[in-house]
Amino acid sequence: LEKAMKGRQPTDLMLRCTVLDAIGNVKTISGQFRRADLCSEHRLNPRDLRKIDSRIPNLVPTILVRKEVILVNILHIRALVKADAVVLFDTYGSADSRLHSVFLYHLEHNLKSKSPGLPYEFRALESILLSVLSALEAEMVFIRNLVGGLLAELEDDIDHDRFKRLLHYSRRLASFQNRAKLVSLFCQDSARADGTPWLQRARDILRRYEDLAAMHLTDKKNGNPRRLSDHEDLEVLLESFSKQVEEIVNEAENIQSNVQSTQEIVELVLDSNRNELLALDLKISIWTMGIGMGTLVAGLFGMNLKSHIEENEFAFGVMSIASLVIAGMFAMQGLRRLAKIRKVGLGSKNRKMSNKFLLREYLHSKHEGW
Amino acid sequence: LEKAMKGRQPTDLMLRCTVLDAIGNVKTISGQFRRADLCSEHRLNPRDLRKIDSRIPNLVPTILVRKEVILVNILHIRALVKADAVVLFDTYGSADSRLHSVFLYHLEHNLKSKSPGLPYEFRALESILLSVLSALEAEMVFIRNLVGGLLAELEDDIDHDRFKRLLHYSRRLASFQNRAKLVSLFCQDSARADGTPWLQRARDILRRYEDLAAMHLTDKKNGNPRRLSDHEDLEVLLESFSKQVEEIVNEAENIQSNVQSTQEIVELVLDSNRNELLALDLKISIWTMGIGMGTLVAGLFGMNLKSHIEENEFAFGVMSIASLVIAGMFAMQGLRRLAKIRKVGLGSKNRKMSNKFLLREYLHSKHEGW
Amino acid sequence: LEKAMKGRQPTDLMLRCTVLDAIGNVKTISGQFRRADLCSEHRLNPRDLRKIDSRIPNLVPTILVRKEVILVNILHIRALVKADAVVLFDTYGSADSRLHSVFLYHLEHNLKSKSPGLPYEFRALESILLSVLSALEAEMVFIRNLVGGLLAELEDDIDHDRFKRLLHYSRRLASFQNRAKLVSLFCQDSARADGTPWLQRARDILRRYEDLAAMHLTDKKNGNPRRLSDHEDLEVLLESFSKQVEEIVNEAENIQSNVQSTQEIVELVLDSNRNELLALDLKISIWTMGIGMGTLVAGLFGMNLKSHIEENEFAFGVMSIASLVIAGMFAMQGLRRLAKIRKVGLGSKNRKMSNKFLLREYLHSKHEGW
Amino acid sequence: LEKAMKGRQPTDLMLRCTVLDAIGNVKTISGQFRRADLCSEHRLNPRDLRKIDSRIPNLVPTILVRKEVILVNILHIRALVKADAVVLFDTYGSADSRLHSVFLYHLEHNLKSKSPGLPYEFRALESILLSVLSALEAEMVFIRNLVGGLLAELEDDIDHDRFKRLLHYSRRLASFQNRAKLVSLFCQDSARADGTPWLQRARDILRRYEDLAAMHLTDKKNGNPRRLSDHEDLEVLLESFSKQVEEIVNEAENIQSNVQSTQEIVELVLDSNRNELLALDLKISIWTMGIGMGTLVAGLFGMNLKSHIEENEFAFGVMSIASLVIAGMFAMQGLRRLAKIRKVGLGSKNRKMSNKFLLREYLHSKHEGW
Amino acid sequence: LEKAMKGRQPTDLMLRCTVLDAIGNVKTISGQFRRADLCSEHRLNPRDLRKIDSRIPNLVPTILVRKEVILVNILHIRALVKADAVVLFDTYGSADSRLHSVFLYHLEHNLKSKSPGLPYEFRALESILLSVLSALEAEMVFIRNLVGGLLAELEDDIDHDRFKRLLHYSRRLASFQNRAKLVSLFCQDSARADGTPWLQRARDILRRYEDLAAMHLTDKKNGNPRRLSDHEDLEVLLESFSKQVEEIVNEAENIQSNVQSTQEIVELVLDSNRNELLALDLKISIWTMGIGMGTLVAGLFGMNLKSHIEENEFAFGVMSIASLVIAGMFAMQGLRRLAKIRKVGLGSKNRKMSNKFLLREYLHSKHEGW
């Protein structure tokens, strides 16, 4: 607990960052920076920096707009975007270096493009959102294939090991769904008309930029005055991103409901199979009982007592057949019972009939004393 | 992953489109157009066009209003509506050509009508919405029949194969529900007073049109000034469409809840049936035990040892009857036990009585040492 | 599909209607009117009329306010209310003529009343809402009795047929809940401060009426100027109606949750009963095994081989008792095992104890090699 | 149905009321008043009075503010509050007279207090809300104890009767939760900034009161002008009441989720116990089979046929041991099978190993032809 | 009930408090104060004080802003914050003194800091929120470890005791989730743009402070005028706190869904295991039946009757082999049956084939009369 409290006090640890400069070139790869230096260099509050400190796993995505920087923390990307530089923080334990290098390549390319479109910081943001989107999509496709394969296997045979795999996939799916939903929620909040605090602040800054367009760095460099519709561009970007994340969340829910209904039906199939097993077991038991009855009769004549038919020539044949017939009769009686129980449906027409049967059966069984 | 990223960069692929001109005639059927040409011809951003690119399956419906065109992407329809032309994109893999031709016929008819009602682009939109509606309705009716038939079969008999079919229908229903809900959500958003971005933009454009009515293409052609209530007509159209989609979603939920409650009851019926099977099994086991007891007695007298009653004339009859009586007594004892357990209800009145029984039973069984 | 499309195009079918005139008298009972005539007479758009066309079953309630008429479509009532006439459409397939005649009687009575309260059209609306309310209430009471009776029967005994009835009632309840919820949702939307489009339009009309009070038909007939608080009266009417529908929905949810928890407990009771059946089965099996052991011993001495105790006088007694004792010992061993498994609880205190037992048991069973 | 309709028309039934006057003294206890008299005396619409008519059970709480009276209908309390009198309606069938008398005592005391705090009608309202709160709290504590006791009993042993009690408590809890939630919802609606219609009307009246403070009855009696912050006091009262009801609802949900998770685990425990029972049953069956095999061998030598070893001195011993060994071997084979099935876990490490086992097992069983 | 009513009337009980003065020193540790003194000293309404009275357990967090004090009641912390003092109330029964002392240490430290940041009361609030956060986090980590360990154990083996522990952890998790959600809800309400009543009041006070900055205590002491952005600081504080609580709630939901899906799969695994046990049981039963058949044959020849083959030299061998063959045949027949039932999957391809089998099987069984 004490640790938790202290963990919140500023520490002077090193952070590994990759820095891109104003024309999109990578200046430093995984260089080490002191946290305090970063704060002072980018005029950040240490509390804000802690938000994108990569050692604490945090799932809720955040974009914080501060005086000169935009702090981004979505899924695997933790970045600090300025008007003339992008600082990417390395996330510990993320072995997916391929994803990272594709992102870096795209970001460089996007920042270098001289098109008169979005300003520098929004182009960086666009690359980040695209990387998030493709990461989500890739994971979704992966999970869909895993689950789809497993469900196809269940078509063939239902067994233990498949349930265990189902559990592992199910957990993975739930965790993915959770992450995707958080990103989706974040996007929807942002894309909505009134927006979230961060968007409002971004818009305020944009408006201020427009007033001070002359002295603005990006625009000075590009030599063209900032267009008035910039913050609309930002919203269109977010709206489109939001739609696609929604699509992914939707797909994940589909998989989830698919797994759910399969589980329910598998349970019914197992239940129904169990009833069939029981019914067969019953048949076997019934035959065993019948055979036991025959054995009892044979055993009685095997007693070392006088049955007074010892000398009868045909007694053996008669008693053998008799004991087999007794065995068969007992078994038949049991099988008739079973057949009545086995006939199971949900119908009510059928029900009325079976009611009559049950009544007759009831009277019958009372009479028989079974 | 790289592919996913690249897949988002503009490519110059061909698209198959059907084009209708300003008086509703089909100009081209499934003609091939280059993506870039389409963009430049209709002054579109490639990013927007990608939204209705038919190769990516996307379920979330979208209507985008751009400067001169309305981009529509709902279920099987992907279209580009202008004030004097409609471009329909062919959706790959949609074999339902019948649905498509009915839609095309209706669209032509609707665009050709000279009534002074809605302007050209809204008549196109109306046809699109109607086609979406009838597609949803047709699928809903189809699934309802499938599921209804299966549930009716379950009335007769509950078995394996029906569960498997239930699973397939269940998945299909879930997927349909998902699609219908997305359309419904989209409609409700649009039909609401404050509307979604696309409707607001549509209204803005309408208002601008009203200002510039003189120079407007559609109205020039028709020769009558645009009425002021046009955007109200659009809203009435959407409201009515929204109501009907809601009706379909509602129906789908009904089917869904029907399936759900059937599954639950089937489980209870199977459980209850299993208990009956077990109870019969028990009866059989009890009789088998009784018979076994009789056989033991018979076996004892079958030992090659001196029982000192070998010479007794009646010993055979006495012991035979005795062993049968022992068999019967053991069985009766077991059956009495069973009868007590079989009586199962939820009542508490009954409970108090059975409590007494249980107490007596408890003391009894202690005494007996069973 | 083609049909569905065509079904939406105007057709000149006949509709059966009952018409009430301005002083509340029934002018026509179930008269046949051509759809086109109705449209032209009441200045309606055919599309609007289709909404209350009685052949399409539609559950979502609607009230549409058009220039001169109010179109109402709630549950079994489809009506067209004007300032001086009410047209009721007959709903096909609704055999509940009693409900209809009570409604008609009440409507006539309400329209004839000369109280200076609500204007003509709102008195008609009031009667309609009251009829809807009593229809919902009647059905709710009916279902409550059905379900209540069934649950009471389940107190006595749990069996197949009751589950089947439960399924039928459950479906019926779900369908009722759905209808009631749709009505309730509709009311809440209407009763809310900002209202729905139809209420806003109704209010607009009312306000216009107030301006044009002099030339208004109803008020001219009654000879008194329209009071200013009319639209407040309408809202109070709706609020009160809304409260009562909410009460019904609430009751239906109560029944639903009651059914749900009963199902869950029934499942547990069946499960627990099954375990008891199994335990008894086990006892029987154990005794059968013991008896079988005894029979084996007896059988060994029944072999036609020399056991060297054939001549012993007491051998028969000794071996008989020995075989019975062996039977008893085997059975006792099994029963002790069973007793340990049967003792099942959720407690952890008990658990620690049973842990010790299990440990001892484990060592024991290892030693025994069972 | 007709009744339902008529039940809504004014009737001249008597109502039993308790009346408190302006200085808090009980004027009449359970006096009989004619409904019409009450309406005219308090200038009420009969429709409003029907809302608090005690014979119709209604769960949704309502407060209606009319010209001179406030009508309150929350749980067991149905009252009519004026600026100088409180009329309490007796609720039929509410046997909890203790609750009622405590409430009456508190109300009297509160109305008599001369503190310059809330005005007369709000002091009455405060007492009513407090009584509602303590009624909810008392019932919550009662149910919590019932359920807690039952769950503690389930720790010891899981059986039939406890499930039945659980069902009864569960129903009771659901009904309580429903009532508490409705009250909570009502409070939250009221405590919210924009409020519900009744609160808005109450505020309007308060504001009007403030304007007309001089001629106001309560204030004249007390001789001090009404403070301006009165309606804030009302809101603070409601906010505090709302918080406490929320607390109760929260507690009820806790109990509910506790019951839910207990049910789920009980099902798993029963399932797992059933598997143990089955496993023991299997062991018994296996031993029975083995013993049966031994008996068969013994039986073969018991046949009255020549085995040519009749005269062998050691044949008896050899065959006895042989049959026992055969019995044991068959049993061992079965037990080995069982042990493999019994080992059940969710692990995948274990899974791979068991896969190998299963493969070997599979080949083995194929070879053996079991 | 009477008690409950009385419990709400002011009582003069003692409260144990720890007081910190304006420069952050602890003045009194667990001193006893009379409730009435506290009220008069801090100008509080007794009703407000009751909210933080530590003997009533209340889960819903509250912050009340009164004229001079802020009353805080979140989880384990109940405090009264003024501009120059903090009063902490001891919570009875909270044995977690470690948590308390860390909090006290942090609070002292934070209040003593001379940084020109937040004013005194907000620094106190910050410490309180941090303590709440670390308490939630610590408990979340603890529960995650408990549940994680248990789920890992379930990977190895599924048994009774683990379910019981699962129940206990499940309850604990639910209770934690409930608490965390309430705190999260409270934070979200507060962090939202429009805020809750308490935040609005806090802002009003801040604004008033700004007007009266000259005469404000805190600022006078610090000697610097209050900055204008104070209430923005407060909101940033709350937003950051809210994010972190959300993160914890999210984590708890993850654990919850993990437990849920594990339970579901465990049920399926147990079901599937039961079917395997049953299948093995069936095999055993089938063999037992076969053996019983053999015994019957042997028994028949053991009868003391003339079979006319007594003297045949090979009869013994023939009959022994015959009885074993009969045993084998009966068993094989049963095993073939079983194999058909055991093959269970969800596939439909497989289904069609098995349909044919079932048909043949059906005809076969009819013919055989089994």
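The letters A, B, C, D and E name the chains in turn, as written, and every chain counts its residues from 1.
Going forward, contacts are C-beta pairs under 8 Å (C-beta built on N, C-alpha and C of every residue); 3 or more make two chains touch, one makes a residue touch a chain.
None of the values given here were measured: they were computed from a predicted structure.
Undergrad: So chain A and chain D are the same sequence; what rotation in degrees superposes their CA atoms, nearest 5?
TA: 145
Undergrad: Would you mind working out whether chain C and chain D touch using mostly the same residue numbers, over half shared, or mostly different ones?
TA: Mostly different residues: under half of the interface numbers shared.
Undergrad: Rounded to the nearest whole Å, what is the centre-to-centre distance of chain B and chain E, using the mean of the C-alpha atoms as each centre?
TA: Inter-chain centre distance comes to 32 Å.
Undergrad: Using the average of all C-alpha atoms in each chain as its centre, how far is it in Å between chain D and chain E?
TA: Each chain's C-alpha centroid was found; their separation is 20 Å.
Undergrad: Where in chain E do residues touch two or more of the other chains?
TA: Counting only residues that touch two or more other chains, chain E contributes 160, 164, 167, 262, 265, 267, 269, 271, 273-274, 278, 281, 285, 288, 292, 295, 299, 302-304, 307, 344, 346-348.
Undergrad: Chain D touches which residues of chain C in the complex?
TA: So the residues of chain C touching chain D come out as 98-99, 102, 106, 130, 134-135, 137-138, 193, 239-240, 243, 246-247, 250-251, 253-254, 257-258, 261-262, 264-265, 267-269, 271-275, 278-279, 281-282, 285-286, 288-289, 292-293, 295-296, 299-300, 302-308, 330, 334, 337-338, 341-350, 370.
Undergrad: Please name which positions on chain D make contact with chain C in the complex.
TA: 1-2, 4-5, 8, 47, 51, 58-60, 62, 154-160, 163-164, 166-167, 170-171, 174-175, 178, 182, 197, 262-263, 265-267, 269-271, 273-274, 276-278, 280-281, 283-285, 287-288, 291-292, 294-295, 298-299, 301-304, 307, 309-313, 315-316, 319-320, 323-324, 327
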